[in-house]
Amino acid sequence: MTPLEYAGYTMSAGDLIPLLPLLAVTASSIWVMMAIGVKRNYPFILGSTVGGLLIAGLLAMNLLPGPAPDSMPLLTMDPYAQFFTVLICALAIGVSLVGHNYWAEFDDQREEFLLLLLLATLGAVVLAGANHFASLLLGLETLSMSLYGMLAYPVQSERAPNGHALESAVKYLILSAVSTAMILFGVALVYAETGSLSFAGLEGLPAGPGIGISVVALLLISAGVAFKLSLFPFHIWTPDVYQGAPAPATAYLATIGKIAVFIVLLRVVVETRTLGIAPVAVVFSLLALLSIVAGNLLALLQDNLKRILAYSSIAHMGYLLIAIIAAFYAEGPISVEAVSFYLFAYVIMTLGAFGVVSLLSSDAQERDSISDYQGMFWRRPWLAAAFTGMLLSLAGIPLTAGFIGKFYLVLAGVESGLWLLLAALVVGSGIGLYYYLRIVYRMLLPEPADAPELREGNAAFSVVLVLFMLLVLFGVYPASLMNLIQAIAL
Amino acid sequence: MILTWLIALLFVGGLLAWFSERIDPAWPRWVALAVLTLELLMMLSLLGAAPEDGWLAAYNHAWLPRFGIALHFAADGFALLLLLLTAFLGIVAVGSAWSEINYRSGFFYFNLLWTLAGVVGVFTALDLFLFFFFWEVMLIPMYFIIAIWGHENKFYAAKKFFIFTQVSGLIMLVSIVVLAWFHYLQFGFFSFAYQDLLNVGMNRSMEMWVMLGFFIGFATKLPSVPFHNWLPDAHSQAPSAGSIILAGVLLKTGAYGLVRFAVPLFPTAAAEFAPVAMTLAAVSILYCAKVAFAQADFKRLIAYTSVSHMGFVTLGVYAWNELALQGAVMTMLAHGLSSAALFMLAGALQHRIHTRNMLEMGGFWGRVPRMSAVALFFSIAALGMPGLGNFVGEFLALLGAFQANQVLTIVSAFGLIFASVYSLWVIQKVFHGKYSDKAFDGSHLLDLDNREMVYYAAMMAGLVWMGVYPQSFLDLSAPALQSLLEGQAGNVVIGALRP
Amino acid sequence: MLDLIWLLPTFPLLGFLILALTEGKLARGPAGWIGAGSVGLSFAVAALVAVSFLQSGIESHTVPIWTWMSVAGFDPGVNLYLDGLSLVMILVITGVGFLIHVYSTGYMADDPDFSRFFCYMNLFVFAMLLLVLGDNLLLLYLGWEGVGLCSYLLIGFWYDDPYNGYAARKAFVVTRVGDTAMAIGLFLLFAQLGTLNIQEMLHAAEAEWPIGSTLPAITALLLLGGAVGKSAQLPLQTWLPDAMAGPTPISALIHAATMVTAGVYLIARTHTLFELAPDIQLLVAWVGLITLLMAGFTAMTQNDIKRILAYSTVSQIGYMFLGLGVGAWSGAIFHLMTHAFFKALLFLGAGAVILSLHHEQDIFRMGAKRKQLPVGFLCFLIGGLALTAFPYTSGYFSKDEILIAALEVEGQGLWLWLGGVIGAFFTGIYTFRLFFVVFFGESRGHHDAIEVKGLNIAVPLFILMALSLFGGWIPVPLDAVFSHGAEHEEHHISAFMHGVMIALPLIGIGISYLFYGSGTFSVEKLMSLPASRALHRFWDSGWGMDRLYDLLFVNPFLYLARVNAKDIVDAFYDMLAAISRAGHLLIVRTQTGYLRWYALSMAAGLVALIAVGVLL
Amino acid sequence: MMLLFYLAAAVAVIATIGVIVQTNIVHALIYLILSLLAVAVIFYVLGAPLAAMLEAIVYAGAIMVLFLFVIMMLNLGQSTRQQERAWLAGRGWIVPALLAAVLLGQLLYVLSGVEGMSAAEQVGVMAVGTRLFGPYVLAVELASILLLAGLITAYHLARKPKAGDE
Amino acid sequence: MGAIPVEHGLILAGILFSLGLIGVLTRRNIVFVLMSLEVMLNACGLAFIVAGSRWEQADGQIMFLLILTLAAAEVAVGLSLIIQMYRRFQTVDINVLSELKG
């Protein structure tokens, strides 16, 4: 019996304690909204945003080691969720600081970006704890809705050189809505079949005779989720949206926008026997395989940095899916840890990479062509080193957290004997090296004579540097993180 | 403990070299030289160490207890020989770069030292995860060395080098993980410790697959046909210091891996696979000797000869008897010196006349007799002249291999003929014949100066030493190789760390 | 005293090191003194050693110096082994070597690379001494390769001319083919007998292998491979005529007196093995015989004075092989020694002639030079007589011994003997063809020739003349070495046959005189026949062997090398890259930018997904 | 009642077809409203009166008015019919229609296997309210946040440009 | 109340969903696209109501409510974007938004 079955459900004050981080984020969004209403003081708003997220993160961190609370009807704020809440809040802080540089000369209202960022973060935190399709829907849509605003943010600005932000937002909005419709239709079918809207209800899907409805329902949901994760063949929006959006928004979409969905996916896969429906498992494997191949191939000769990162994210989601599939087959917790660790590493390096792009870009000029980075090693050695670190980490080279992540993935794959997917991982990584190295090589070239002035930015720079240090720290001494992840594993 | 110092010193030294450039661009090379000299002295101090359980030095400390991964370093005589080679060639590389590298020299020496740090890590790591970690770590700075200070086609070469080694490395990682997973299945806990993994049993086909993963990883680095294609490009495009480290040291990590891991960890599969590996070795020897002969690019030619020579190592390793193994080890050492010297020479030539195209050269003997004599020396060393180290290595390898597989040994022995063909071809094209500087600016074609001669003389002395009294080297590696052969390597090591 | 033999190779080695380390900066005087002096010292030691060895009456003496390496039961030492055989060899090497060194100080006096020359020469003597003194096959192999290297270096000594380089490389590579066979033989010997120490190995072989069994046959065959390479016997004889590109003293020292006879030494040294494999031993005889005949024919057609001598060397080594093959071990070695004398003499004489004629080597551009070049004339007269085995010259004794032994072989003995005698007949023709063309008839050029002066040239020549004439009386202390061959001591041969053996070379000289001396017969007339022209061409090209090898080995190798210079394996990886690139270009076309297309792809993806899911 | 369901269903389908093929955008909007109202009827038949009511008021009412606003603001309508026709001409229809048909076929294939009947009793406002403010209370709060996000986004994107901008 | 087979309700939802999808795929006018999206979301709502009706639960209606909220917000944002698009490109042709590609 799930709690949903009671009619006279009431909430006690004690139930609120696990929700404190969520409440903190909500409170800070309200606070920020009111502050904007009173006076548009950007530094204050930024401080409030960062502060609110910090409080939320600290609260979640504080709750982290505790035992898993009783799950509530819509949310389970267990250590797993709290851990990712911390991560999401930290990333949100990162994005807001990175955005600080990006919007420095923006001629329109800058404050709403932070407000939207807070609301999106709220959606992501909800997703981290979601155990019910209603919360999934709300979390997902709150996240997306805010993201529409963030993607199209400079659309009113005189400085915006083109309609790319608009195009990006429109594409994302329409396609995302289609995907949401797919998810919803699938959920409706599940509900029609099982009579339950909680994730646990998925167990009720027939896995034997009458499997067709289960397959279609789950695949509809999968297709929607695959869109959000940009898995092949639902990946096609990714590069356009990444490229067109302002860099901080892209950074947000590429990090929090991705992991929030992955957190739910992992929870669903681990806590229900969804993949026990064989065709679904096959389809997942297919999605992983094709995403790895397609993502890497698409990035191969790309010259736009944001598009490269977009395509590579497709491949990375494919890698992650390996561990997700493994999580279903495996007995032990390793694959869950693998997903967690890889997500952790992935967001660090992705935010780092987009952080560098944001640092160098402004709303008036996106520095996203790889030729913009020529000779950066000699002009901005630290930044270039950090960026190289991010790229190498994306490629899974040791000394970086990306390597440990890849190691985890391989371990998870081996544990479940997913040889074909591991082969794809190897091949994909091989192709991947090519385009990561192209960027690195560009930075190593002598700087061009007519190189444009590179922007400076202390906030973004410190974010990038911190991320770089984390990257190396967890690449060299990941033991502490491993222990933590082991402790929070589902 | 000294082993960790060896590695740490290189890492720190690299950073120092980088930062010292700010003070004076001439400093990094001195820093690098000082660090490497210190390194060499520290390694030499290990020569006198009393072996403890078969290891001259060891260090073991928990790293990632979740998976039973430890910072476990240990060196036996075999590893020590390679360590000495590493430090020695490191110094040579610094010497080669001394006046050649003027652009961003701080970063150059940083990369050089970090590559060597990775190599030292590879030679001493006894935890497979740690081993793999260093295995990959050494590649990144090498990539930078090729990509920044390389020649006309450097990006292609650097990229090819990196992708080949990384992909094969990843395959090896999968194998390592599978091995560790089987350990987990059998013993109930994770361990990546060498001595623990030695005890893992697998079914036949799985053992073969996992062994193949290791083999591909090592055969790419070694390299062996058909995984060798990164090498000619990387070698020819790298600055000579890079080529020296690549040919002299990096290739040896592949051979080291075969000896230390690929065979002992999978005795049955390796034995079954030996004919294939030896065939690949024979093909490498002959095929690459033939391709080498057709090259016009001096460094490319030497690069192909490296593949050919490393074929003897593979041959020796898979013969898996003491003679052959000792031969393989001697070949590693001797080839380390001879190929490094030849690359250094090619680099010196390129530095002087800005071309590597041998078709444009000729008759240099009259202009640069010293250099010519040095080149002659190393060429005949490379073709396996008795009395020099290469001969001892190749002869022992063949002698041992003959006991394991006669046909392939005989086929491989024909490599001796081909070696003479291409070695003498180089001498003919570059140093003999009529001098003409139509195709290049010959005004800077000066003979080797005394500073350069010191390096060559040291390498020549080393080769002669190896050639006439190889016993000093053989004695050092014998206990290690014997214990590997007896399959007891696992039992003599300090107990593994258990979670 | 005997323990001093380590000094033998040491002196030349020191000489080499000094000359090498001074980088040619030494003045000619000191360089010459060091170069020749070191060999002279060696010779002195060799002489002392010889005296004390012969006095002591022991069979052999080993001087261990150090253990070269010791791995898993394989422990070849750097040990010097002295017995009658090696004694003869070291005497020849240091003795003749010293004379040639002295001669070279005069011959090379004007060469700018004087010091380098002696540097290589010393290294050669060092290696050659190690070859003959090594007590194990590995040390022998070291010397073996070492002399090959020096041969290479010295043939290509004048590196300006690419032809010299070609000749040098050809020499090295062709001999390396044989060396490789020999190396494989070493592997086999070690694998089977567990040692490479020659004496132990031979004892073990005798104990373990029955006569006529397969293993000794294979090992003997492999060793023979090494021997034919080094000694320029069929089928690896092609390099030697080209090797004449080197300075003439080199031809004398390396390509006549010492190095090329190393193969003979090797077979003699391991004769026990060959006795265990009678078939192979017979093969040795036939190889020698065919080689000596082929070379004899070719020598008759050559015009280059050095090439004639080179083919004659091939031919004479053929005699030695014949001797080895028929079990005349000491005969072969004896011939080796006498050949060293008279062939060194001929080459040095030829060198003197060439130098006098401003590096002219074509005999038909000489003529009537006996007045102008009396010493050269004398050299060729005496050397030629010895070469053609004129009675009681040195060559007579040694060749006699071999031919008589050949006759005694059961079954094929007569054929072998007949071949050898015919070869001797041709020897007479080609030797005196050279002699008459150069020193008689009309002067066809270089009328201003003046004989080279200088004691350092003349003295060695005269000593060699004396040795060529009287060297046949030198007793060789080989009985103890080849004790197995003792039954050959008593020779019974009919007077008729003996007469034939003496007469045929003389007839050859006579024919030669009729053609080239008196002009009674005309070569032109003979050459007007198409058949004889074709035959001439065929012989002149060394029986087309070079062309054959070019066709069979060299050209295919070069072709393969040329077409595959880019390494076909690379194409595979390029293909992978191309596939990736094509894949990229293909898939990137899906990124059209049109929203409706994107939505369509999602719908199609969904449909496909469901189709896959439902169908499964 | 059953008849009403099928009648309403037919209306809904036909009206929806009208939406997607109409060239006059205002007519299309009317079709959409018709479709929504038909669905509202179905909701009622299925025993969901609250949903039926909201469908009519919020969906067919409020949201559609929003569309109407925009259509008027952009001055679409009769004048753009020619353009719409041109856009709709050609074979651009075929592939999407086929795909959707296949999808529909797949859905029909599996949905026809579902067995069950709709509720015999109405699930009234009371039941929904109790549920909504019981276990789903968090959802209500979150929905408000969702609306807030939509509000802020829409405000930021559509607000009139600052003076002097246009 | 007469009970209706659930599959019929679901099939109706499926038909509406597919029609909406056709609209999204075929229309170039972005307003039509948005309208078609509404059709799709509405179809989902219908499916929930049908399912809720099967189990006689309020949850289906609650989900419908949430979808309604979502649709409203979506339309608001979508229309604001359309306005911006019209402002910039003077058209509602969705194909003008194809500068980002490759």
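Should a chain be cited, it is by its letter among A, B, C, D and E, assigned in written order, with residues numbered from 1 in that chain.
One rule holds in what follows: contacts are C-beta pairs under 8 Å (C-beta built on N, C-alpha and C of every residue); 3 or more make two chains touch, one makes a residue touch a chain.
Predicted model only: the values in this text are computed from it and were never measured.
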Check every other chain and keep only those touching both subunit A and subunit B; list them.
-> C
When C-D and C-E are ranked by contacting C-beta pairs, first comes C-E
In terms of CA centroids, furthest away from subunit B sits chain D
Please identify which chain has its centre, taken as the mean of its CA atoms, farthest from the centre of subunit E.
-> C
Just how far, in Å, is the C-alpha centre of subunit E from the one of subunit B?
-> 64
Between subunit A and subunit E, what's the gap in Å when you average each chain's C-alpha atoms?
-> 26
Chain centre separation (subunit D, subunit E; CA means) in Å = 5
Whole-Å gap separating subunit A and subunit D, where each centre is the average of the chain's CA atoms | 30
Junction residues of subunit D - those touching two or more other chains | 95-96, 99-100, 103, 106-107, 109-111, 113-114, 116, 130-131, 136, 139, 143, 146, 149-150, 153, 157
Contacts with two or more other chains occur in subunit C at residues 588, 591, 593, 595, 599-600, 603-604, 606, 610, 614
Multi-chain contacts in subunit A: which residues touch at least two other chains?
-> 4, 134, 138, 141, 145, 148-149, 152, 155-156, 170-171, 174, 178, 189, 192, 212, 215-216, 239-240, 302, 434
What chain pairs are in touch here?
-> A-B, A-C, A-D, A-E, B-C, C-D, C-E, D-E
Contact set on subunit C toward subunit D in their complex | 600, 603-604, 606-607, 610-611, 614
Of all residues in subunit A, those that touch subunit B in their complex = 378, 392, 395-399, 403, 406-407, 410-411, 413-415, 422, 425-427, 429-430, 433-434, 437-438, 440-441, 444, 477-479, 482-483, 486
Residues on subunit E engaged by subunit D in the complex (per definition of touch) | 1-12, 14-23, 25-29, 31-32, 34-36, 38-39, 42, 45-46, 49-50, 52-62, 64-66, 68-77, 79-84, 86, 92-93
Which residues, counting only subunit E, touch subunit A once they are in their complex?
-> 6, 10, 13-14, 17, 20-21, 24, 30, 33-34, 37, 40-41, 43-44, 47-48, 50-52, 54-55, 57, 59-60, 62-63, 66-67, 70, 73-74, 77-78, 81, 84-85, 88-89, 94, 97-102
Any idea which subunit C residues touch subunit B in the complex?
-> 20, 23-24, 66-72, 74, 78, 138, 141-142, 144-146, 149, 152-153, 156, 159-160, 162, 164-166, 168-169, 172-173, 176-177, 179-180, 183-184, 186-188, 190-191, 557, 560-562, 564-565, 567, 569-570, 572-573
